[in-house]
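Structure below; questions to follow.
Chains: A, B, C and D, in written order; residue numbering restarts at 1 for each.
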Amino acid sequence: MAIHIAEPDTGRQAMTDLAQAFSSVREQSCRLVQPLSAEDCCVQSMPDASPAKWHLAHTTWFFETFILERFEAGFRPFHPAFRVLFNSYYEGVGEKHPRAQRGMITRPSLEEVLAYRKNVDQRLLALLAQALTPEFGCELTMLVELGLQHEQQHQELLLTDIMHLLSMNPLLPPYLSSAAVTDAGAERIASALQWQSFEAGVIEVGHKGAGFFFDNETPRHRQFVESFSMASRLVTNAEFLAFVEDGGYNNPLLWLSAGWDWVAQQKITRPLYWQDAHAQFDSAWREFTLQGLQPLALHDAVTHLSFFEAEAYARWAGTRLPTEAEWECAAAYSGAAAGADYFGVAWQWTTSSYAPYPGYMALPGAVGEYNGKFMVNQYVLRGSSVATPAGHARLSYRNFFPATARWQFSGLRLARS
Amino acid sequence: MAIHIAEPDTGRQAMTDLAQAFSSVREQSCRLVQPLSAEDCCVQSMPDASPAKWHLAHTTWFFETFILERFEAGFRPFHPAFRVLFNSYYEGVGEKHPRAQRGMITRPSLEEVLAYRKNVDQRLLALLAQALTPEFGCELTMLVELGLQHEQQHQELLLTDIMHLLSMNPLLPPYLSSAAVTDAGAERIASALQWQSFEAGVIEVGHKGAGFFFDNETPRHRQFVESFSMASRLVTNAEFLAFVEDGGYNNPLLWLSAGWDWVAQQKITRPLYWQDAHAQFDSAWREFTLQGLQPLALHDAVTHLSFFEAEAYARWAGTRLPTEAEWECAAAYSGAAAGADYFGVAWQWTTSSYAPYPGYMALPGAVGEYNGKFMVNQYVLRGSSVATPAGHARLSYRNFFPATARWQFSGLRLARS
Amino acid sequence: MAIHIAEPDTGRQAMTDLAQAFSSVREQSCRLVQPLSAEDCCVQSMPDASPAKWHLAHTTWFFETFILERFEAGFRPFHPAFRVLFNSYYEGVGEKHPRAQRGMITRPSLEEVLAYRKNVDQRLLALLAQALTPEFGCELTMLVELGLQHEQQHQELLLTDIMHLLSMNPLLPPYLSSAAVTDAGAERIASALQWQSFEAGVIEVGHKGAGFFFDNETPRHRQFVESFSMASRLVTNAEFLAFVEDGGYNNPLLWLSAGWDWVAQQKITRPLYWQDAHAQFDSAWREFTLQGLQPLALHDAVTHLSFFEAEAYARWAGTRLPTEAEWECAAAYSGAAAGADYFGVAWQWTTSSYAPYPGYMALPGAVGEYNGKFMVNQYVLRGSSVATPAGHARLSYRNFFPATARWQFSGLRLARS
Amino acid sequence: MAIHIAEPDTGRQAMTDLAQAFSSVREQSCRLVQPLSAEDCCVQSMPDASPAKWHLAHTTWFFETFILERFEAGFRPFHPAFRVLFNSYYEGVGEKHPRAQRGMITRPSLEEVLAYRKNVDQRLLALLAQALTPEFGCELTMLVELGLQHEQQHQELLLTDIMHLLSMNPLLPPYLSSAAVTDAGAERIASALQWQSFEAGVIEVGHKGAGFFFDNETPRHRQFVESFSMASRLVTNAEFLAFVEDGGYNNPLLWLSAGWDWVAQQKITRPLYWQDAHAQFDSAWREFTLQGLQPLALHDAVTHLSFFEAEAYARWAGTRLPTEAEWECAAAYSGAAAGADYFGVAWQWTTSSYAPYPGYMALPGAVGEYNGKFMVNQYVLRGSSVATPAGHARLSYRNFFPATARWQFSGLRLARS
């Protein structure tokens, strides 16, 4: 939930800008499903993932429930059942359809969901065009911004969920044709790994300045960080392959105890989308990507690792994962430098469990369920990935997933004391 | 698998008739999915059920694999991956896609599967139009007949699987509009229950005469049946409601031990599609049907019962389920009588576990996997249901499901010694 | 439950004989636990098995609940909590301790349970010494006989449950010292397999004559049996080893579909207690027995097979399992012949699911729960095993277990049509 | 693992003291099982708990494997199989018996395990009596100290595991007679809750000074702690009862999302050992304790809470759990004050996930597996409980359990920002 120290601007021009941002984000969601059929959009590949159609509907539900229902005169829901059907986890809003059954919803159809989007979009834009009291305008602006950030989060999930679904199909269909990928075939060369040192001291951590932020990034507060070094770039596929070929997945001494149990039970032997194609192809390793099955790009950052895999790799390499505070400190210093890949490539696992900052308070009301209630048994990832929408990333952003989650574009950056 | 004592007729007229039957059955499958969207056809609602699209593809795979691959000159598969993707359980044919993941197959699309059907249909019809040696013609005819019977079985499953999927959707969408149901609103009155007695003696059981049959109906053999009586009609919803209201689901003494465990663990309190709508509606009980949610039709036969529920009801009523042999004996005598509902209403659970008849032999080859390997921990149902395709039912037909299966149109007819 | 056509003899001598039989059976149970420590007697190795102490207490509970509570003047329970604690599955008697938690009962101690036995024994013997009215005497006699047969069943389970527990201990401790086994080292040679033929016809099946029987053996009734042949002896370890070495556990075409799923999921590759000791020992196969780990006795009957394994072996051998009726017919003819091993070696799986005989009726009251409610998803075994108490076996005896059960002394005898 | 900055004293007197400490700790373990039978000591009540006999053997295995095997001339194991049987989780030591099957080990008997203890004790004492080189003496001393601390941890687990086992027995037998409890009947009155404030600033956290410590308490390092207040005493049963009676277990808004799922699935409605005895007794709530079932002691600290329950209570009370650093800061200040209950009553959940301190390094070798590999998905508890052995607690001690663990004496102390 967004907390703005200063009142947001609710002047006419500001509202026009907001309307434009609204339209742009909403259209982008629809663009993401253009390469997909209604069938692709309907199926749920695992309880952790959601159908693309559900993402399209749930983000719309968010605007309808938290904004239209509150601000629109004579509000009537688009469809009474949608309130339950597309509620994700807001206990304060009432009943919700069970998460694991999101894939059963063949009706409403994709077409109907797109009509639902259109309807809510029009009503939302009409609302923004109205003259509002400053008080209402302020709250409305904050909620619309929250809704757009929320939708951008679902855009990334939509991509990773679709990728997981397609990976379950033995035909391994691509999401995008290779032609759509501009740099296909371009050989990238990873830079040499360097270590950047940081002195011990008290630093500030958390959101600062203007612009949107989630409540979990606040309050900005002080932390003492002992001296540490941070790697100049992400770990590559080639480097991770050395771990695999060194028997990394077979050596219990490299793993956390719970990680070793997971590896053994799930028979994990490589990153989620790698395929050992020695038998079928001339060259060895392939990776399923949004462009279908491709030769493993050795110089690219390794992705689709669980926390357990990232942590084991770091131990094997004689290093460790950074803490959130270390990451934020290093990224603040060198994040924008040429060649730095803090953002836009792969989410980076930290060793920090997802916990409230000192003095953290969830806002009252249902939107207060956005972040705080997930602060247990999850680990923080920092940065952003190739799938993160433009403009959505920032220094203080805290992404989080359980230690076994692998279907995000999750990699790692090494640290050492 | 069909076993014909006499050689089938492979003359020109016979082949023309076969081609016509082929087209008719194949078209019927496509007709069944006309009320459905591609999304409806894609989703798998539980491991026991399959997506409609999978039914359409698998029945086509059956013709392609067991007939075209064998008889067509210069055979080339429509798509090499389909051999694995749409193999249900034939170990003799090689790899198969895991049953529980049939719903992941968003590609091929419904459209592509319909094209697959068209392609195989054309090639099959071309084959039937050829002049064949009598030997080949004979085997071809037998396999085509088997394929058509196989497709009819899947037509019934397609309906019950779709019904289950729609029942998982909180919107409870109907498969058919009520308007499509000719007798909607027509009040049926169940006839009075009467008991038909049969003397003890040796009877013959199993397939007799010309016409198609599955291998599990053979060999026809003798059984000694002690004297028994059979109910003149099926148990009705009203009668089963009396069991419910008498606390039938709460009394362990009425249940088989494993049935009671199932009732307790799954919290079963009524037939699968019944809804206790006292709170929401004026009248009490509703039932989800192919026409959506409807008032419970008290005079209709109760359906969607597990073996356990049927068996407990019979005990509560001071009676029992019939054996297969008793059912076949009684149906042979009175099956065609006016008012008899041995066929076309509801499959009838028997107390007979699904087992080979004395001297049963599965045929060699992959088609021999059709029946025999399922002969354990399943119970036989006799008759046929409203969802059984016309012409598919017969006296010696043995349907079978596990004791907990409820999503078929399964009811019961009482017997007593 | 016993049904006696004629009234049992309740004269003084008869009652003295009954008291003697009572003491003898009760002492035998205590003898069985003499090689065991209190710890051995307390632990439950799997939900299907029970601790030896529980067997000792439950069989006592049976006499206390069904006899003393009914016939003893001024009855007071030995311990009020035992009524629930040692109830196995009698819903008609009230609450029962959950089966899977029988191993949690470290108190009462083994010593206290033995005191419980002693107390109930004394009171039961006092009852038998009383002068009773014929009517009471008749019912008492029947219940005591039932209790003794019940205890003998638990004596066999006690042995197989203890054997399973010891097999879970990496030390593989023997139940008996090898010295206690008189024929240790005696080389047995299996006789040549011969086939005994039987003509088709109506036979009678079920209990006949005087003596005790369970309700599931009745009513004696007619069955038509087609002609068949039965093997002259049980399948041996050497014969089953040939199946193993021929890849029997790796070939899905030899298995029922549910059996193949079980083999694959549980990674079954051999009979329950076999160990492939090629790596550790000079000779290859060993078997865990009541005398600890022993070289596999190639000429002995194979035991500890599931129904699935027995059925697959029979298919591999080009034969099949017999039905109950076939087994009873053949055993009646040749069961007592020299060399015949119908009894006393291994229970023999039949292809018959456990079902009520025509006209079967469970007796009223809690003892009516003894048999009937288990008649689903179980398969009948006939004969008796090395672990069956002397005098407990008979021609019409129906043992039954699920298709996956392996911890009994269960083997097979082949049949063919 | 212990890290001593200074060399430990290995002079003669020091070694005599160490031998005395050794004997004292070892005897205490045996004293703990004196109220128990061999049966009590053998059974495992859940995978998380271990049998008392296993605790006795495993702590002995620790001395034998890590000390005797290394230092004893002509070392021969007491029993070769024990190396595997009583290895808990040390991958570096080789094979280990599966954790969930510790209760299957009826052999060796309790008596044999006590003999094993005696044998190892004698050999260990003989070793300590030898003249050793300073280098060996130093390492030996460190390992013996580690072994004793390890044994003390298992003494607490032995008590909580036994308590759990007894709680599974419907007879609810006490571990101790009430007579053994000196203050039984003494009415305690909880003091009024007060808040102690602490200023923001950099503090030092982690082990300081001489004396034993585990590696997870190091290195001592700086943390910035924002200002906070800490409660003067633990939350009482009476206070927690108010939460229960206010519907705390029924309100999803009070719980972490994963906590709410856990409450719903496991049907949790109260602390682990509470019993709602309104129906059976005159007064309402009872609690199962080491003295058996007792009236709920309203003024005592609430115990046997999971992290989820503690966290939900804190939210309900408008407060929060402290972090580790806050706890250590407050305990350092007021821990020894009169009335302070930082130690000796109940472990106190913190909001800190169990993670390595900055610069943490596990020692090389198998003893390095002691702590580090468990640093994921667990939460830290601070202080000590009634079950903690005398002398085992200290300011920097970090206990840890998963968020659902309830069978320890775990309670909470409130904090606020």
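The rule is simple: contacts are C-beta pairs under 8 Å (C-beta built on N, C-alpha and C of every residue); 3 or more make two chains touch, one makes a residue touch a chain.
In this text the structure is predicted, and so the values were computed from the model without any measurement.
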Which chains lie in contact with each of chain C and chain D?
-> none
Measuring from the mean C-alpha position of chain B to the mean C-alpha position of chain C, what distance in angstrom results?
-> 38
CA centroids of chain A and chain B: separation to the nearest Å works out as 46
Computed distance of Cα centres, chain D from chain B, in Å | 59
Residues of chain B that touch two or more other chains sit at none
Connecting every touching chain pair, does the picture come out as line, ring, star, complete or other?
-> ring
Which residues of chain A touch chain D in their complex?
-> 89, 91-92, 200, 202, 221-226, 228, 252-253, 255-260, 307-308, 311, 320, 323, 351-353, 355-356, 358-359, 369, 373-377, 403, 417
Across the complex, what residues on chain A touch chain B?
-> 37-43, 45, 81, 84-85, 97, 101, 103-110, 165-166, 168-171, 173
